[in-house]
Every structure is written in C-alpha cells, then in structure tokens.
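Shared between the two complexes below is chain A, which has chain B as its partner in the first and chain C in the second.
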Partner chain A sequence: MSTQLAIPARLARLPADRAFVVVSRVVGLLLIVVALSLLSPYFLTWGNFVNVLRQAALQFLLSAGLTLVILTAGIDLSVGAVLGLSACISAALISEGYLAIGVAAALVSGLACGLVNGVLVTLGRIPPFIATYGMLWIAFGLGYVFMRGEVIYGLPEGFRFIGAGFVWGIPVPVLVAAALLVVLHLMLHKTVLGRSIYAIGGNPDAARLSGMPVTRRLIMVYGLSGLLSGFAALVVIARINAADSGVGEDLLLPAIAAVCLGGTSLFGGVGGVAGTAVGALILALIVNGMNLLGVQTFWQNAVMGAIILISVLADQLGGARLVRPQ
Partner chain B sequence: MPETQNPIVEMRGIAKRYGGVQALQHVDLDIYLGEIHALVGDNAAGKSTLIKILSGAVAKDEGSIGFEGRPVSIAQPRDAKHLGIETVYQDLALADNLDVPANVFLGREMTRSGLLGFILNNREMETRSRSLLSRLKINIPDIRQRVRSMSGGQRQSIAIARCVCFNARVVILDEPTAALGVEETRKVYALVREMRDQGLAVLLISHNLNHVFENCDRITVLKTGRLVGSRRVEETSQDEILRMIVSGVAEERSARPRPADRASAGAGAA
Partner chain C sequence: MSETSHPQVVAGSPVLQAFARAPGAFYLLAIMGIALTIWTPGFFTAANLTNVALQVAVLTIVALGMTLVILTEGIDLSLGPVLGLCGVSAALLVSQGHPLPLAIGAALGIGVCFGLLNGTLVAVAGMPPFIVTLGAFGIAQSVATVLTGGDSVTNLPPFFRWFNDGVFLSLPVPIWATAAVFGATWLLLYRTKFGRYVFAIGGNRRALVLSGTRVQIYHVAVYAYAGLLAGVASFIMTARMNAAHPTIGVGIEFDAIAAVILGGTSFEKGRGGIAGTVVGALAVGVLRNGLNLLGVGTEWQVAIVGIVIISAVGLDSLRRLNA
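Coming up: the complex of A and B.
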C-alpha cells in the first residue's frame, strides 16, 4: 500500500520535464505490449518473453557504461568496437582452456581502452566524439589483426553459463543485467563518483571551480565504460558460443538508441541507468515485434531511427516546455 | 575597529602580463575581516585579473600575497580554498541540474565515515543546507528542486551561501548582481552585509557606485592595470571615486582637503 502511494509521490517531486519522460516511457512500453499482444499470437508466450528480456539485458550491458559517459556530456563511440576486441582476446584464451586469464583479459583490455579514452579526452583535450571515434577504429583494427579473419567457435560449458544459462527459468544475462542496474543506480545516486558525474554533465566549469577532481573522475568514467564493454563481451561470447573480429560491429548505434530512448539527455547531466534499462527493453520489444510481424530488415532500421527521433523530439517539445525558469 | 586590526589578506606588487598586454602592474590590496571591499574601475582596469589571482584561477607573474601575516602561495583554486578564500564566479557557480544541497556541497560532498567514505550522506547535507539558508535568511521553499527552476536572485544567494558553509574567511564576488532586478539585488546585498556582520571579509567587483556606496566599507580604484587608490567609504564621495576612475589619479587629500567631498560623502553614506 505504502509503495503504491510512494511512487506517485516521488513522481510529483520530479520536475515536470522529467515526469514527462518517465510517464511517456511507461505509457509507450504499455502501448507496445498491448499492441503486439493483439497483433501477434506468439508475442505473449513465455519463450518470447524470455527472448525479449535476454535481448534487452545484453543491450543494457553495453548501454550502461555509455550512459555514464553521456551523463558527463561526453560520448563513447568505441563501446561496440572495444566489446569486439575484448571478445576476440578472451575467446582465444578461454577456448584454449585459460578460463580465468581469458575473463581477466576481457576486463583488462576493455578497461585499458576506456582509460586511454579518458586520458585523451581530459589531459589530451580531444573532444570525446573524436577521441572515442579514433579508439573505435583502433579497437576494430586490433581485433582484425588479432583474429586474422578466423572465427573462434566452441567455448567451455561452464563459461557459457553466464550467457546461455538459466536460473529459476530466468536467463542468466537478465540476472546479471539486473544486478548491474542496481549497482550502477546506487553508484549514480548514493556515491561521490555519481554526484560528480551529474555535476560535470550539468556544469563542468562549476565542478572544476568547486575543487572537484574533474580530470580524475572523467578518466574513471571512461575507464568504467571500457570495463563494462569488456564485461559485456564475456556475456556476449558466452551467449553466441563464438567470436570473430566483427562481433562488435553493429552494436554502437543500438547502444546509443537505448540511452536516448531511456530519456538520458545527450547534453549531459540528466537521466540515468534505470532509464537506459527501460530504453533497452523498448528497443528489444520493437525489434521483436517487427520480427514477429514479418517487417523487412531495411524497414526495421528506418522505423527504429524514426522512433528514436520522435522520442527525443517529444522530450524537447513536450517536456522542456513544461519547465521554464521563472 | 578595522583600521586598528591587521589585514587578513595583503597583496603586494602584483603584476600580470597577457602576451603584450600588461593587465596588472604593481598593485597592492589589503582586505580586512568584517569589511565589504569594493573593487571599481573601467573595463580592462584589471579588476577581474586581480580577483582571479587571489582565488587561484590565474597565476601572477610578480608580487606576493600575505594571509594572516604570513606569506602564502596560491597556485590553483584549491590553495585559495584551503586558506578560506572562496570565490563566487559570475554564471559559473552552480550545476543547474542538481538540487540546493548538492550545489552547496559541490566538490566537498559529505560522506559516511570510514570504509563507506565513498557513499554520500544526503540527509546530513540537506539538514545543513537548510540551517545554512535560514542562518543567512535566504528563503527557498523547496530545496530539493533543481536550481534551474529558481530565480536569478535565489541562485546567486545559493552560490554565495555555499562559501559561508566551509569556514570561509574571505569571500570574493565578481559582479554579484549584474543580472538581477532591483528587488533581487537588494536581497543579495542584504546577504552580503549579513556575511560582513558575521565577521567575514568580502571583496566584490561592481560597476554600480550607488550599490557600492550603500553597501561597502572600503573602495579600491584600478585603471588600466594600475592601482589608483583606496578609500574608506565615509572618507570619500561618489564624485571623488568617479574622478579617480576616469582620470586614474588619486587626489592628495591630506594636503588639500576638499569641503565638497566631505559634504557629499555624508550624503552618500546616508
């Protein structure tokens, strides 16, 4: 009872533009679910439900770190490529039997790429778009060099559990994503690092002049984004039981889409990982719905782009209009 | 009174050059506790450069800074803060997307103790912000709102108040009322006087001599990077300060006292 009352109370506390984002996403999610339930007899099956959840979870794992970077008014275009590189290195090691080293290699390679991004953006004063764009090509290139066009296939059963296993009928990636969501949400709202992320995104000059160690915190955030890409790589290769140099190729744009759909502002300072989780879910539902309805792939891309633009436009026109400084 | 105590800040022979431009040359400045000290002068007089040197945002080329009688080095904003010198920058002070407690404690968030030192103590920050605002008589109905939704005067008050929270001895204000309306300006100056009355030293830049004469205790005039002179408000007049700003020359007051100055000084203080 108290929680039922608490939710509207918290919503009422939100500024009108944020309340607009929250309400529009929840209503959008419900509309999609209702529409697909009516349009497709397969939509409301347990198997399809699990499928959508797992897809959303994998999407969230990659978009979560990106969300942190975008909250600082930056961008990390290298998330997909870094995932690919980490996937190749760790798959090579794990398939040779070096499980622990392979897992560590994925995390370390991801973290290293992220830290380099952070140093380039802060100490190197390169705009995040350019720094991480360069890293995108470096990580892709290194992935190709490392794999020489080969495909690694067949990973140990024990390792595959984190991508393909089930606990109590729920896919393990979903549980992993849920745990990550809780940890990152608490980090953003309850820790000094989280407060810095919002402050830097809101006003980097104020953050710097207040004595906040902005450079160090930004390097940490980009490092965290790389680390989470490496972590996502482990779950992805465990799920598909393979890796090649192209594994991260088509992951960047959906990752940005999930963040946008989740209501995090690309201008920084506003949003959060809970929104990105909802964004990932909406994205997975739309893709799933179009597949169930037999929409052609070309149309799927166009529809996806339109939905992203409409959601951001709605936030701009509908939400921002509700809040004006007096 | 202020004349008998030693200055808390003594800046001596401060010089700063930007490329071919001599922004400041051999400027002296004394700041006293319990005083509002106004820095006035035309554009390019060097007012902003001088306060930035004191706040650590700009490095001086020459000169020395004394604090409580000992020489100190202020190389970055952090050094100034450690001494208790706090600066409120024009438009740069607040993170719009955060609420009042988050802004008051920006850069020095309160945390749990020990191993949980990375976890914010939001409740404590909220409590302290509330008592800080009431101590300074600042009225903000809902401090959990983002500061973006607040008025210019409220935002400026928050920016100024957060200095007081951290045992500041000297508060530097760069045109604190430049963007504010009449009523808001009045409130912000009431806050500044409140801080003075609580024993802080305030150094502020203003272009409005009426505000300066209504609220400040001491005035220093700069012109093209040079010190023209310093006057206590009750010993000068708006006319004299204006002549100093324009001519860049201080008048020999003890040698040739001007009755007219005395008369209008009395009017200015009233």
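Coming up: the complex of A and C.
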C-alpha cells in the first residue's frame, strides 16, 4: 500500500486535498481558541495575546528555513543545534562588546553548518536525515566545547531590542517574522530559486533532466536553512538575554511540528512558509494553553511528538482517501 | 581506507578484494586497536578490554535491532529514549517492591508497544520513518521524565545489579545477553521467512507487495523487534548505572546508527548484515574508550562520533557509486 507513497504525495497537490489541510487547520485553530477562552480567564487578554504572537514569531523564525528544506523533500534535523551553536558564539562576542562581529558570527556559523549539510546531502550522497542528524551532534558538541558548561548573560540594551523591544505596542520579533514571511513567500513564488525548490521537491529527476542545477540549488537551500537558524539565534538570545550550550536542545521537535502543522508535505513539493506561519501560531497557542492550564513542562516533548505524528497521519489519511478510487 | 572507495584498483587478488569489501568498521577497529595499544598503556589490559566489552553490550543489542530497521530502508531515532523509558519503568516497579518478572514484562512490553506504534505508522500509514520515530522520541522522553519527575530512580534492590555484574560460566551476564540476542537475531534474519522479507522490504518492497505478500505485518514486526531489544538493553544499562535516569538512553540511537553503517549495512536496497554491526559496535565502543583514555571530553566525543558516522555513510555511498 504505502509503497505507492510517491503517488499520494504527487496527488496531494490536488486542490481537494489542500482543502482538507486548510480546513483542518482552521478548525483546529478555532477549537483551540474557543477551548482556551472557556478554560482560562487569562487567555483573552491583551498581554497574553502579545505573548502568543511573540512565541509564534520565534517559532516561525526557527521553522522557516526548515520549511524550505522540507519543500525539497529533504529534512534538516540540525536546525535547533545549529541555532544553539550560533547563539553561543554570537552571545560570547556580543557580550564582550563586539556587536557587529557577533551578529556576523551567528550568521556565518549558521550558514557554514548549512552549507556543510548541503554538500553532504548532494555531493556526499548521504540521506538528509543522516547527514543533518550527524550535524546535530557535531554542532551540539562544538557548542558545548565552546561554552564549557558556562552561561553568558547580560547582553547590551541596543541589541536586545530585536528580541525584547516593542514598536507601537507590537513585539519586534513579530515584525521581524512578518518581514521574513513576506520575503520568503515572494522568494518561493517569484524567484528562480523558489520555483526550483518546488520543482526539486516535486520530482528531482525531472528537475535535473530539464537542466536545473539541482546540486547547487540544494546546497543553497541547506545553506539558507543554516543562515536562518543563525538569524533566529540572534533573536532568541536577544529575547532571553542569555545563552548556554543547551539553548537549542529542545527546539527540533517544535520546529518540525510547526512545519507539519503548517501542512507542508514531508515528501516535498507541496506547502509553503505561509502554512508554517499558521503552524507556528497553532503551536504557540498550544504551548500557551499548556502554560495557562498548568501542565508540567515535562510533557512538552510528548505533546510536540504527538502533534507531529497526528498532523502527518491526518494529512496522509486525508490524501490517501482521495487516491483510493484511482 | 583508500581501497574501500576504489575497488577497481584491487581487481586482481581475491585476498585484497576481500579486504576491499570489508566494512569500514573493520579498518577503524584495527587501526584504533593498534594505535591505542602502542600509545596508551591503559588500553590493552584485561580490565580495560572487559570494560569495553561490557560498555559495548548495550550498544550492540540496540544496534542489532537498528540493523533490521535500516535493512528495510528505515530508521529508528526513538530507540534511545525508549530504552530510557523501559529502564525507568522497570526500575520504578522493582524499587516499589513489585516482582522482577512484572518489571521485565513491563519494560519489554513498553519497548514492543513503541515499536508497534512506529511500525504501524511507517508500514501501514506510509509516513517517513525518521519523522515517525522522531515523534516517538519526544513522547518516550517526556513520559520517562514525567514518571520520575525528572529525577533518577536510585533505590534499586541489590539483585538488580546481576544484569550487569553477574557472572555465568565465567562470562559476565551482558556478554551472554549480547550473544543470545545475536544468536536469536541471526536465526531470525537468515533462517526464517521473516528474515528474507526484511531484506526484500529494503531491496524492493514494491515487488513484494505486488507478489501478494502481506508485507505490512513483517514491516511492523521489524520495528517491534527493535523496540523489544531496546527493552532488553535497558536492563543492562540500568544495572550498570545502578540507577535509571529518564534521559540516559538519549544518544544511544546515534551510536547505534554509527555502528550499523560502519558495519557495512547500507541505507539503500537492503544490503548488509548483523555480523558487521557487531564489529561496528566494537569500533564505536573502542573509539569512545580510546577518546576517554586520551582524556577527550564527552562533548568532543559527541562531535567526533558525528563526524565518523557522516564519513562512514559518505564512504559507503562513494563505494556504491564506484562498484
């Protein structure tokens, strides 16, 4: 049955199937909002609303690059660990007063990890989940070596603005995430790189045979994912005003969960960053609800795992139902 | 290692060909064994080698299950946390005075349940293995942490240590356990219909489906078996630490993948076998032991094993390109 995996994935581009994804997400979002409004008196307050939005924005920054990789039918399991490594390096530099160098270091270290992933996946012919899983442990190990178990805190006020500041009452990360959403959405739909991401994800052989430089584009996508992890690292450390080697530890599952919730197909070629933004919002609402209802944080990983399994399973079944008559 | 990536260079002699075909683990183990014997006086001693063997027991048992999963072109990232959850469950039951058989049943049952969950989602629902087992990773880790409240279970009865310290016919229990698991896996893989299907699922699952085989049952069973072995390994691990910690298993799945790939099992087309995995596990164990003896911190070890695993898979794919 499931050997015909490629078939549902390809047919998943049928509008009817996308309708299933969109409707299920909207219904899910509404159900969560209604349930939390009834269960918690604090949910429908301005302060909480701002909180959820900021959480969703940080989540989106983390999941945006991953979305691009998943659209090419790849995966980047190293996003959280690369974020952690970039955060440690840049926090060390920024807290010493080297603001510009620190910012550059976060972006460069993220980009470097991403490019290595891309080279391993394309030229090294290593399956993406193995190459990036290896990178996860390498980045995590390097971050630990770099920090030696210490914590850096107390970053300059000016820098903290991008994570903790407000403009007209809106948290800066929300504005940053919104800008990134627009840029990436336009990139995906209006540029050659964006279109080739969908083409490679939809059918890599066809992309290659039609003369697309698949290898180069894939390396660029993995590099972009790493770069965005480095960028997200800056916003995260600015927000929490600290960094240690464990910053990125628990970020992988939420990052993947947001992409899955956003309806991007793990088989590539279907979905986009707008979906991931919705996924990040749903995820932020769920986390917010768990906090408001006093659920132990220990459960967080289980909830993320369950969200990944349920949302992918639902899409799979939603797609499979459409395929069966064929 | 150069021969391994360029088999055509050694087309002549059959002995050289055999060397060229040997998995990377064989070379890694040989080189590290010789280098460590020469440069670190503490390596080639009975005490240290026994230590390595005991350390490798848990890894080998997990890696044997992982081999079957990888042979079906799958992956099981959840084996580490599932091992942790099994260990925590057994330790909690035993420390609260419940009989040992109940604890054994619970731990193995939990391992099998996670395997069934993973297998069903992969084989029946058609979800990608790494995503399914990553989800299970989160669930197992959370449940284990919730069960203990984040602490370790330390008040184990003295008899529990038998799983690691016990000696039977002058060999330690973990060695017997590893041998028994290897024997059972060998029989399953090379002497049963199940085993032939394991290779066939990786080789050409589509053909198997079209020929009318009920592939899904066997495919699910592969994941269940890997989960069962994680449960078995959890006893040795817990006895070794004399405590069960909810996150103790995290990372073992990574070493296990390294052992399987170094042992010559390929991510494509159901190629490989379990003998190589044992050598691979030994190589990873000796690598970690050597790094310990050389005073390299665990953080560097994590990064180094990451590099080794990526190099092993890279060499494997290069070798397949040239073959």
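By definition in this document, the second predicted complex is superposed on the first by the 294 of 326 C-alpha atoms of A that agree within 3 Å, B and C clash if a C-alpha of one lies under 4 Å from a C-alpha of the other, contacts with A are read in each partner's own complex, and residues count from 1 in each chain.
Here is the rule we use: a residue touches a chain if its C-beta (ideal position, glycine included) is under 8 Å from a C-beta of that chain, and two chains touch if they have at least 3 such contacts.
Note that the structure is predicted; figures quoted are calculated from it, not measured.
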First (chain B), second (chain C), both or neither touched by A:G211: first
Which superposed partner A:T191 touches (first chain B, second chain C, both, neither): first
Winner by number of chain A residues touched, once chain B and chain C are compared: C
First, second, both or neither for A:Q316, with chain B first and chain C second: second
Which of chain B and chain C A:L99 touches, first, second, both or neither: neither
Touched partner set for A:R125, first chain B, second chain C, both or neither: second
First, second, both or neither for A:A199, with chain B first and chain C second: first
First (chain B), second (chain C), both or neither touched by A:M304: second
Which of chain B and chain C A:A112 touches, first, second, both or neither: neither
Contacts of A:G134 with chain B and chain C, given as first, second, both or neither: second
Overlapping contact positions on chain A, where the chain C interface meets the chain B interface: none
Interfacial residue positions of chain B with respect to chain A in the complex: 57, 77-78, 81, 87, 89, 92-98, 102, 106-109, 111, 118-120, 122, 144-146, 148-151
Residues of chain A that touch chain B when the two form their complex: 13, 15, 190-195, 198-199, 201-203, 205-212, 269-270, 323, 325-326
Contact footprint of chain A on chain C as seen in their complex: 75, 77, 121-128, 130-132, 134-139, 141-143, 145-146, 149-150, 205-206, 209, 216, 251, 254, 257, 261, 267, 297, 299-307, 309-310, 313-314, 317-318, 321
Footprint of chain C on chain A - complex, ascending: 1-3, 5, 8, 75, 77, 120, 124-127, 129-131, 133-138, 140-142, 144-145, 252-253, 256, 260, 266-267, 296, 298-306, 308-309, 312-313, 316-317, 320
